[in-house]
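Each structure below appears as C-alpha cells.
In what follows, chain A forms one complex with chain B and a second complex with chain C.
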Partner chain A sequence: MTFNRYRRGLFITSFLAAPVILYLVYVISPNIQAFYIAMTDWRGVSATPAFIGLDNFERLLGDNVFWKAVGHNAALLVLLPVITIIIALFFAFLLNVGGQQGVSGIRGSTFYRVVFFFPQVLAVTIVAVLFQQVFRPDASGMLNGPLMALGLDPIGFLSDSSFAFWSVLGVLVWQAVGFYVVLFSAGLASIPKEMFEAAQIDGAGRISMFFRVTLPLLWDTVQVAWVYLGILAMDVFAIVWVMTVQQGGPDWSTTVMAAEIYRNAFGYFRFGYASALGVVMFLFTVGFAILSLRLSRRERIEY
Partner chain B sequence: MERRRRLGPLGVLTHLALVIWTLLVIVPLLWTFLASVKSEDEIFGSAWSLPETLRWDNFARAWEQAHIGQYMINSVIVVSFSTFGTMLVGSMAAYVLARYPFRGNRAVYTLFVAGLAFPFFLALSPLFFVVQNMGNIPVIGQFIGLNTHAGAVLVYIAYSMPFTIFFLAAFFRTLPTSVGEAAMVDGASHTRVFFQIMLPMARPGIISITIFNILGQWNQYQIPLILLQDRDKWVLSQGIADISTAAGYDADWAALFAALTLAILPMLVVYTVFQRQIQSGLTAGALK
Partner chain C sequence: MPSTPHISRRDLLRAAALVPAAGALAACAAPASQPAASSSAAPAATSAANPFGVGDKPLEVWIFDGGFGHQYATDIHQPLFKSKYPNVEIKHNVTKEITKILQPRFAGGNPPEVIDNAGADMMDFGALAQDGQLQDLSPLLEAPSWDDPNVKVRDTIDPSVIEIGTYDGKFSVLGYVNYIHGIWYSQKVFTDNGWEVPKTWDEFLALCETIKKSGKMAPFTYAGKHPQYAYEPLLTMAAKIAGHDVLVNIDNLEDGAWKVDAMKTAAEAMAEVGAKYLMQGTAGLDHVQTQTAQNKYQVAMLPCGSWLENEQKSTTPDDFAYAMFPIPDITGSDAMPYGTLHTAPGENFMVSARSAHPQAGMEYLRAMLSKKAAGDFSELVTTLTVVKGASEGREISPGVNSVTQAVAAAGTNTVYYRVFAWYGQLNDECKAATGELMTGGLTPDAYLERMQKKADEIKNDSSIKKFTR
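Take a look at the complex of A and B:
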C-alpha cells in the first residue's frame, strides 16, 4: 500500500512538474514582478533601479495620452460588444429559426456560417494590413477608389482623426461577428424545437418570437459573448499598432492602453512607467470582470 | 409548395442582409487577390481595374525579397513545437488536476486558471527580462534566450496553459472512471492509463483545444514582437505587419498584396477543409 501511494505521488509530481515550472517562470513571476517594477524608475540599463514608490502612478494621472487610450478602451468596451452581439444575434436568428416555416433555418445557412466565420481564422496582423489597403486615402483604396470615381471627396478613414477610431471599431466588428454567429447558432441548436413551434402555434410573429423566445433562452450565451468581447476590447493591440497611422494616431485618436504600454516599454525604454500602466490596465480588467459578473446574474431558464 | 409564396418583403430583406455581410467579408479578400497580380502602376492607377497581364512575379518577390517564405517556415517551426508541447504538458496537468485529489490540488488549479484574468501587457516588460536572463544560463541559455525559437516556444506554452488546463480539466472530469480503474487492477501504471486509455477517450476535447492553440499561436503577434527582434527569427505575423511600414524593401506595393495573399490562402484552404472542426474548436471554450 505505501508503495502504491509512493508511486501515485511520484506520478502526480512528474506530470505537474513541467507545466508548473514553465508557468511559474514565464507567467506568474513576470506578473508579480510587474507590481514591483511599477514602483521603480527602471529604464532597463541600471542593474539596481531606484525605488520611487507611487511616483509613476502620480505621473500617469496627468498623462493625457494614456487617459485618451483608456477612453478608447472604454468606448470599445461598450460599442464592440453591443454592435457585434446585435448583428450576430440577428444573423444567427435568421440562419436558424428565421426560415420560411418560422422554426427552420434559411436556405444556404451553412454557406453563410462558413463565410461569416472566416475572418476569425485570419491573424489580426493580416487583417490590419489588409484594411490598411482597403482604407487607403487615394484612388488606389478599395473604398475611396469608387467614391472618387463618383466624383466625391475621398474619406480619410485612417488619416482623419475624426474617422480613424470608427475604422478601428469597424474592423474589429468585421472580424468578430462570424464567431458569435456560430456561437449563438450552437446555443440555438440546443434549444428544443418545440419551444419555437409552441410559440408559433400561439401566434407569435418573427419579431415577438425573437424577443420573447429566442433572446431569453439564449441569455446565458449572450453573457458569455459579452465577457469575451469585453476582454477583446480591453486587450486590443495589434489592429491599432499595425493598421493605424503613427501606431495609435493620427493625433492619438486611436491609441489604446496596450499600445501605450508597449510604446513606453520598448519605444521609450521606461520599463517602470510601462509596468505602472500595466497595473492600471490590470485593475480595469478586474473591475470589468467583477462588474460583468454582478450585472449578468439573472435567473436561468430551465428547459 | 404553398410555403414558397411566403417569401414576402421580409424574406427578401433578410436574404439581402445576409448577402451584404457575405460581400463585406469576401470583397476585401478578392480585391487583395486581384491586386496581387497587378503591376505597381495598375494598383495606383485605379483600385478596381483588372490587370492587363497577370504578374506572378509579385509572388516571387514577396517570397524571396520580403522573406515571406522564411517567416512562414519560422512560424511552422515555432507553432509545431509549441502546440505539441502545450498539448502534452497541458493535458498531463489537466488530467492530474481533474482526477487525482491531493493536498494543494485546488490551489494549483486556481493558480493556472487565474492566469485568464491577467492581461498579457501587465507582464510585458518583466517577461522580456525573464527571457533575457534565461539567455545567461550556462550551456542551455543560448537556446532559450531572446531571439531564439525555443525560447519563444516555451513562452507560448506557458501562456497557453490557463485556457488549455481550464478546458481539458473540465473535459477529463466528464469521462467515466471505470475503464481506467479496471486497467489499474490489471496492473497498468498511472502513466500507461493516461496515455493509452484516458487520452484516446478524451479525443474530441483534445482535438478542439489543439485547433484552438494552433490558430492562437499561429496568429500570435505580441509575444514574438518583444522576444524575436532579429529579422531572420521573425514569424509570419511580424513579417506581414512589417511590410506595410515598408522598412524591408522600398514600398513594393505589388509584392505587399502578393505577400498578403500568400498569408491568407493557406488559411483559406485549411479552413475550407476543416471548417466544421475549426468552428467547434474555437467556440468550444465559450460553451463549456
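Take a look at the complex of A and C:
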C-alpha cells in the first residue's frame, strides 16, 4: 500500500517535473530577476550593471509621465469594466430573455450573437490599425467623413489630446463587449426558465425583470467579468502602442504603465528603471487583485 | 485515494490576476554576468594598403532596411570591399528592427562588426557609448583614403560628421548620408501660380496668405503625428536669429537655454503658422500622408529633410520638380545670414568594439567613404553623402540639384543640434509639447517653460550620462 502510494507519487512527479522546471526557469526566475534589475542602473548592453539600491524607485516618484500613465490605468480600471458590463448585460438580456414572451431573445438574436463576437476574433494589432483608419482626421475617416459631409469640422479623435483617451477607451470597449455578451449569455442560460416565467406571471415588465431577476442571479458572472476587465485595464498596451500617435500621445494623453515600461526599456535603454516601473505595476496589479477579491465576497443565491 | 485538489473560482481569479503582471516583468532578464573577454586576437600586420590589419576572419554586416533599402550594401559597398579582401567572408544581414535583434547580441558579448544603426528601432548610441561598445574610429580618420594614399580620410568628408559622431571625445559613429533640412515645394506649382520663394518671414506669411486665399491648396503642413518635423524648423529658426550658440546651449543643457528670446520668437512664429495656415487635419496625419497630399497638390509647402525626394519617388508626378528653400530671414537683424542650413549626417554606421573583427569593420567603412562607393550610392538612392564632391559629374535629380545649390550657398553657415540623440526622454517630451504648440494646446511661453523643466530634470538625473559639445 505504502509502496503503491510512493510509486504513484513518483509517477506524478515525473510528469510534473518538466512543466514545473520550465515555469521556474522561464517565468518565476525572470520575475525574481526583475526585482534585482530594478535596483541596478543596467542600460541593456552592459554585462556588468552597477547596484544602486532604491534610486530608481526614488526617481519614479518624480516621473510625471509615469504617474500620468498610472492615472490613465486607474481611469480605465473604473470605466472599462463599468461601461463594458453595462453594454454586455444589456445585449445579453435582449438576446436571451428580452423577447416578447420574456423567455426568448428578440428577433434575429442568433445572428446578432455571432456579430457581437466578431471583434473578439480579430487580433489586437489589427483592431488598432483598423481604428487608425476609422479615426482618420480627413474625409476618408469613417467617423469624420460623415461629419465633414454635414459641413462640420473634423474631430481629431487621435490627434486632439482631449479626445484621444476616450477614443482608446471606446476601442477597448468595442473589442471587449462581444466576449462578455457570450459570457453573460452562458450565465443566463444556466438560470432556470421557470424563474423568468414566474416573474412574468407576476406581471414583471422587462425592466423590473432585469433588475429583480436577471442581475441578482447573474451576480457571480458579473464579478468574474469585473476582475477580468480590471486585469485588461491594468495591462492594456497593444492598442495604445499601435493606434495612438507617438505611442501614448498626443502629449502623453493616452499612455499607460505598460507603454512607459516598454518605452523606458526599449526606447531609452533604461532597463533598470523600466524594471522598477514593472515592479510598481506588479504591486498595483496584486493590490487590485486582492482588493477586488475582498470586495466581491458576497452570499451566493442558491436555487 | 487522494482527492484532486479543488480549484475554487476565487483561486482561479487570483492566479489569473497575477499572470499579466508576471508577463510584464518576464520581458526583462538579467544580463550575462561576465562580459565575453575582448575577442580581438592578434591582428594581422598593418600596411599602407591595409591600414587596420584586416585578417581572414568573417565580417558581419547589418543594414537597416529603410528608405534606402539595402541594395547599396550588396551591390556597391560589399563588392568594393571584396575586391581587396577576397578571403574575408561577408555575412550580410538586413532588418527593420535593429534593437530587437542586435541588443541581445551586445548583452551576450557577441556583437556583429558593422551596424547601420538607423530607423525607429535603432539602438541608443548614448547607452552603447556608456558601455564602451563603440569602436574608436579615430584611426579611420587618420588612415589614407581609399582613392588617394596621400589624402587622409578626415579630409574627404564633411567636418560635421566628425563633430557629430564623437562620443566621449572619441569619434565613434559615422553618419554616411548628409541630410539637409528645409522647406520643400514643387517648382511646377510655384511657377504655374507665380509664387516666389520667400526670403523673409513676412514674405513667407504673405505667401501663405496668398495660397490660402487662392483656394487651390492649403499653404503649409507637417507630419502631425511626428512633431519632430515641426521642432526642426523651430530650432533652426532660433539658431538663425541668435546664432549657433542657442543650439549649443540647448545641447549642453545650460540653465535657461530653452527660454532665450530667440526661442520665444521662433516658437511664436511656428505657433502662428500652426494656428492659421495648416492643412486641415494635419495633426492627425503622418509623414507619408502629408507628403502624398503635397504630391497630389493639396498643400504647397512642408518642412522635411533631403531624404524626401527618394522617399516619395513612387507617388511624385513626373513634372512635380521637388525643390527646397532655407528658413527665411526672421527679424531683419538675424545673427546668421540668409541661406543658413540645418545639416545633419544621418544613417549612422558603427563598428562594435567587442566584435571579433573590428579591423575589418573599419576597413569596410573606409571603402564606403571612397568616391566611387559614395557616388554610386548617391545615384542609386538620390541622396547626398558626406563624402565631399562624390556626386560631381553625375546625373542628378531636381531635388538633389536644389539641395546641392543650397549647400553651396550656405557655405560654413550650417547649424545642428544633438540633444535629442543624446537624451531620448527630451526628444519625446519635445515631440509631445511641439504637437501641442502647433495645435494651440500650449502657448509659446508654456511650451518653453515645459521644455526647460524637462531639460533641467534630465540635467539633475544622475543616472543619465551627460554629453557636451
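By definition in this document, the second predicted complex is superposed on the first by the 290 of 303 C-alpha atoms of A that agree within 3 Å, B and C clash if a C-alpha of one lies under 4 Å from a C-alpha of the other, contacts with A are read in each partner's own complex, and residues count from 1 in each chain.
In this section, a residue touches a chain if its C-beta (ideal position, glycine included) is under 8 Å from a C-beta of that chain, and two chains touch if they have at least 3 such contacts.
The structure presented is a predicted model; accordingly, all values stated were derived computationally and were not measured.
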Which superposed partner A:Val224 touches (first chain B, second chain C, both, neither): both
Chain B versus chain C as contact partner of A:Gly145, first or second or both or neither: first
Partner chain in contact with A:Phe15 - chain B first, chain C second, else both or neither: first
Touching partner for A:Leu130 - first (chain B), second (chain C), both, neither: first
Contacts of A:Ile85 with chain B and chain C, given as first, second, both or neither: neither
Partner chain(s) touched by A:Phe179 [first = chain B, second = chain C, both, neither]: first
Contacts of A:Asp251 with chain B and chain C, given as first, second, both or neither: second
Partner chain in contact with A:Asn31 - chain B first, chain C second, else both or neither: both
Which superposed partner A:Pro119 touches (first chain B, second chain C, both, neither): first
Touched chain A residues, chain B compared with chain C: B
Residues of chain A contacting chain B in one complex and chain C in the other: 26-27, 30-31, 33-34, 37, 44, 136, 138, 144, 224, 228, 234-235, 258, 261, 265-266, 271, 274-275, 278-279, 281-282, 285-286, 289
Chain C residues within the chain A interface of the complex: 9-10, 13-14, 16-18, 20-36, 99-100, 103, 106-107, 109, 121, 123-124, 126-128, 130-131, 133, 224-227, 280-281, 283-285, 424-425, 428, 431-433, 435-436, 439, 441, 457, 461-463
Footprint of chain C on chain A - complex, ascending: 26-27, 30-31, 33-34, 36-37, 41-49, 52, 55-56, 59, 62, 135-138, 144, 154, 156-161, 220, 224, 227-228, 230-231, 234-235, 245-246, 249-252, 258, 261, 263, 265-275, 278-279, 281-282, 285-286, 288-289, 292-293
Of all residues in chain B, those that touch chain A in their complex: 3-4, 6-7, 10-11, 14-15, 17-18, 21-22, 24-29, 31-32, 35, 43-48, 89-90, 92-93, 95-97, 100, 102, 108, 111-112, 115, 117-131, 154-155, 157-159, 161-162, 165, 189-191, 194, 215, 218-219, 221-222, 225-226, 236-238, 240-241, 243-244, 256-257, 260, 263-264, 267-268, 270-272, 275, 278-280, 282-283, 286-287
Residues on chain A engaged by chain B in the complex (per definition of touch): 7-9, 11-12, 15-16, 18-20, 22-23, 25-31, 33-34, 37, 44, 87, 90-91, 94-95, 98, 100-101, 106, 108, 112-126, 128-134, 136, 138-142, 144-146, 149, 174, 177-179, 182-183, 186-187, 206, 221, 224-225, 228, 234-235, 237-238, 241-242, 257-258, 261-262, 265-266, 271, 274-275, 278-279, 281-282, 285-286, 289
